[in-house]
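Each of the next two complexes has chain A plus one more chain, namely chain B in the first and chain C in the second.
Let's turn to the complex of A and B:
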């Protein structure tokens, strides 16, 4: 009996060393870091481009080495077009010597025309793909998503890392796949970073042109469809209201431009409130911030208290204007990015029941949204 | 068996948590959205009624096993029928456990592994643990409890930043009595598996003061599930939440970076798998005691392999017909069957009440 027990335990232990046919060694995998999705050239097709690092081109210090063929990049790019996303992924896999793994996916970039047509197929595919991390960032390209993959990753190793950092550093929106799924299922909107793309003045060592990418604003979605874009200024105010903005620097001037100040917000918070009135729901978006003055020019040498009041008043005006403009634009586009529909669903079920069916229209045409700001200055920097 | 005061408390927490934390929460989100907490609280309180009856029946003869003395209360053949019903329930329930495990691992981690292979490996573990008897299972649960407790605190803390607390008012605003009633009954079937308490005797002697601790067990499990439910709701909302099969795992999947939360899935899976093994092993152990009661034999262990094979077979058939598995698992008929079996102590308690009305039990 004892021998039998030990035998069973040994057999079980042996099985722990690897799984069945799903057993894959690390060096048999290609980790996809970025996915770039465009509408295909033919109607009803989708073009997928993947971006993955090439471990054989990286030496111990993470610097490019001379192994392998090709142009010496430390990453590879493969692109295929098919009728569905799953088919396109299969076509990519078919031509690779290693198995694709989506477990390390950092970013998904959507091409503008693909976004306009709706991303529900992508979301449905993601939902059932357990290896894909829902925390990957989603961004948009103003033109083709594929061209984002050609940017030169100056500070990072592969283009996807650059884009990933745009999200994780929270320069504007840091929308993830989960946020998109959440908004789509809940019938509200969301915003993602709208990237910019351009040619650098300098060229690479070999004389080839180099490209860079940045953030030019936000792209607005309602449920699964792209509805419009916002410029950087309004995008920042909206990102603040949505609670995703980390870096907020604002400059204001007064005395007809003779005096000026710049502040960096060390804390940016936001809250949303719903007031029930006889005329219908009134939404209030409140932005809170603690500012540190990083630049100040004041020929009249006012005291700190007076200066503080002036700067705060000017900041309130500027930020409120930006946010009002942003909200107006989201209404024009019909994208409930601040998810006020959910706020109504949570706080006033009766009203929501009446408005649920026509919420998209109601938000675009009738929703009463007020903006409030609450700022304070925490310090004036190191100068007197 | 040497025992400390809180041993049963720890054992039953592991026994109940294995299923409720992972599988009850998505079911509840799908059916009752924002008002799931009402169903949870009412259902678990209803479950405590079943506990009271079970405990009452157990206390009729605290030193004897219910399998043996049950026939003195309702008669030999009715008692045998009850044992048979309980036996089938245990085997069927264990097959659900096994199939849940296969689906969970098959779809998330072991894609391509034949279900039968996973079923056989789990079956061997369950069979071995069940053959060791209640004492060993209880000690295993003891060890696991500490890890379970710490893991839950860590996980809930990691889940907190994802939660949108603006949703809290919705929990108060939504209250449809019809849905609440239906869900309470569903929850009762999950929280009412107290009948297995009758099988801790004779390893453990039931004492009157144990009831308080068992009630605390029910409340502890309720609080754990309630926290898990509210964090899932506040992270995914009812609309996305009802589309997800394993919300806790999705919370881990939705971590923004490779941080602690993103890497905590082995912790979650480890705890859940071990508690599931304890759950299934104890069910098979209970089934084996039922068989020995049915045939009036003392040879309990020899039935365990057959019972496990029966469970594996059902699970295997289910894995070949996934559609009917989901249909059965989520059907209201299953809830009713579960409640009929879980209410067995009530039949005994009522009969005992009328029979021993004027004299104390011997």
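Let's turn to the complex of A and C:
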């Protein structure tokens, strides 16, 4: 019995023999918060920019403090170009005094040209990089990804925080690395936020220009290739259908513009359904929403019931139009962003087997997608 | 008589405080032998010396006096005969008054012992807000009286032991007939009989004998200074041991979760009590593993810290010359030293230590960049958490075990902490002081006893005694 006990203890302790060497003090690490990937200037190269906070310039209260060298930013950026992503990361590491840690990565921004060429190398690299969190958001920059890094984080501490919040606040799409890997492996598409970049009118205290970033729409991918872009309106409808939209505000008018209303949807839900018909599968995308009226102008003083019907009808028209337009665009681009292929595989595996090989084509040219909406108004706001 | 007296005088030679008071009765010498500092001198005067003098002045015969002495009617207080000379000497030094009468082969003795004692005071170490306040004192008679005051039943039994060659300390084993586990009492009796020691000055001497060579750092017996705790435990079927000279009673057997209960729990509303218990459990765990978790996570697994918190910790860690482990060890050791100094320091200068300690740890060390502010917070929380454990000895154990955990956490990471914690848990599950599983009702799992473990159910839910301490008469109250 005694030998058995000692044996168990020894076996338990043997588990931790390798732990000793993995010790890294917190002040020997630099945490990469954002990663910006562009095509290099020379062909077949990739330029990687990392964005990481500088704890030595942030005191414990999170405020910028004096100390350390450099121009006083609380974050630092390093850029390197190499033939592969792994090589570029190594080059970055080589020039840093601290060990890179990807464990806190929050956002990956893809440059447009890089996205057009295909992101399969990136996805393959991510698959084999254990420390990289799968919850990091993926976004796209209309120009170079690197310039996103120069935006001025006015409310946040570092630029990556700004971009991360675009994802986590679910303004449009909140696509993560996991979603991308999933879509690529399943042979369907996905959409990511297409950012915008511009100069702010006001300049900072010391006269340098300030840049800001926003969302201008969505970028559509099929498997690992960028296929097209969507404008904000369609992007929002598509994000709703994909189930990632949190804030939805719509305005409608009627009576030749004399009456108008704005609503905010307090609940946005969506469902996708497949109907098997003789002519092939018919997909139905259903948007459900509960709206709260936040602005109302009605010279005719209709009662609530009548107003509700009008507003809902107008909303239905508007949202369906947007979504139809968005779906048409995805079909034109050949990007199955709503992942209807997976729906088909789940509900009708036989059909999917036949269509799988040519799904990209089928989706672009033949797929029959219907849009339904189901809205209700929960309140008309407070009337004072 | 001369033989007896010679022997007594021989044995008490050098005891200059022994008094030999001679009173002549009908021409015969009667000698009162006692040590005045440990007897009740008022009783001596009124009930022994005075009747003796009255007797001497009475017109009765010597033989008549002896006869009446034998009948027990000379003195208004109880007195007995003793034949064993060695015992007579022991009685004198234990505060009895011996009456030595010429020509008699035996002596009479009076039990009017009165040691110096303080009065019953409020509990100092196990405070309650609502509920009885009185606590045990050093005098065992008083302590027994406090328990008898709570339990007025003939089934409350006491067994007397006199332990220690020199101290001859009175030890009482108290229990309620019909509730205790027989084998537990047998074992305690046997162990107490086996004790052969110069003297016992504290109840922990006894506990070390009862441990039976078990070297676990965890306390195997519960100490309490509260009569109500003893009474409650006796009614659960536990056995109490009282020792003269210690204001603390020992309760056996003991389980881990019993020591995380406070008497206050039963005096407050069960909602409040249950909530406080949950907090107490949480902080007990924190007091043991928080520093090791902090060190392990920051040096091995920074990826699991939320980003904003990570930046805060990382910026505080910048420019700290030591590794997180060294930093934690320095702080913990300093804190232990401060705490010990705070306990031992004479009261008038106590303030100095707390002020200097507070400034050194709290301010200067952080500002000088020797330790980081989050580490100070961790050590302080841990320090406070230690005191949330109601049983002081268990708190000491937790304080001690924190260090191996810290070293494992700092060198092996979370896995090291988990494995060490697992080994400690395994050790706890393996403990069976006096046959009671230490971790019951968790291991073995006894769901019925959970009514009084993490939560404290209303009293009318607890209709049965736990089988942890009793295997007979489980009915606690009428079931509805």
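The rule is simple: the second predicted complex is superposed on the first by the 364 of 384 C-alpha atoms of A that agree within 3 Å, B and C clash if a C-alpha of one lies under 4 Å from a C-alpha of the other, contacts with A are read in each partner's own complex, and residues count from 1 in each chain.
Simple rule for what comes next: contacts are C-beta pairs under 8 Å (C-beta built on N, C-alpha and C of every residue); 3 or more make two chains touch, one makes a residue touch a chain.
Small disclaimer: the values here were computed from a predicted structure and weren't measured.
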{"item": "Clash-or-fit label for the pair chain B, chain C on chain A", "value": "fit"}
{"item": "First, second, both or neither for A:272, with chain B first and chain C second", "value": "first"}
{"item": "Angular separation of chain B and chain C about chain A, which is computed from CA centres of the superposed model and rounded to the nearest 10 °", "value": "50"}
{"item": "First (chain B), second (chain C), both or neither touched by A:25", "value": "second"}
{"item": "Which superposed partner A:103 touches (first chain B, second chain C, both, neither)", "value": "second"}
{"item": "Contacts of A:348 with chain B and chain C, given as first, second, both or neither", "value": "first"}
{"item": "Partner chain(s) touched by A:134 [first = chain B, second = chain C, both, neither]", "value": "first"}
{"item": "Touched partner set for A:55, first chain B, second chain C, both or neither", "value": "second"}
{"item": "Touched partner set for A:174, first chain B, second chain C, both or neither", "value": "first"}
{"item": "First (chain B), second (chain C), both or neither touched by A:187", "value": "first"}
{"item": "First, second, both or neither for A:33, with chain B first and chain C second", "value": "second"}
{"item": "Shortest CA-CA distance in Å separating chain B from chain C in the superposed model", "value": "5"}
{"item": "Chain A residues contacted in one complex by chain B, in the other by chain C", "value": "12, 15, 19-20, 22, 133"}
{"item": "Residue ranges of chain C in contact with chain A within the complex", "value": "298-300, 302-303, 307-308, 310-320, 323-324, 373-374, 408, 410-413, 415-416, 419, 422-423"}
{"item": "Chain A partner contacts - residues on chain B that touch it in the complex", "value": "34, 107-114, 117, 121, 124-125, 128, 166-170, 173-174, 236-237, 239-240, 243, 250, 253-257, 262"}
{"item": "List of chain A residues in touch with chain C within their complex", "value": "9, 12-13, 15-16, 19-20, 22-27, 29, 31, 33, 53, 55-56, 58-62, 101, 103-104, 106, 131, 133, 157"}
{"item": "In the complex, chain A residues that touch chain B", "value": "5, 8, 12, 15, 19-22, 127, 130, 132-135, 137, 167-168, 174, 176-178, 181-182, 185-187, 272, 342-343, 345-349"}
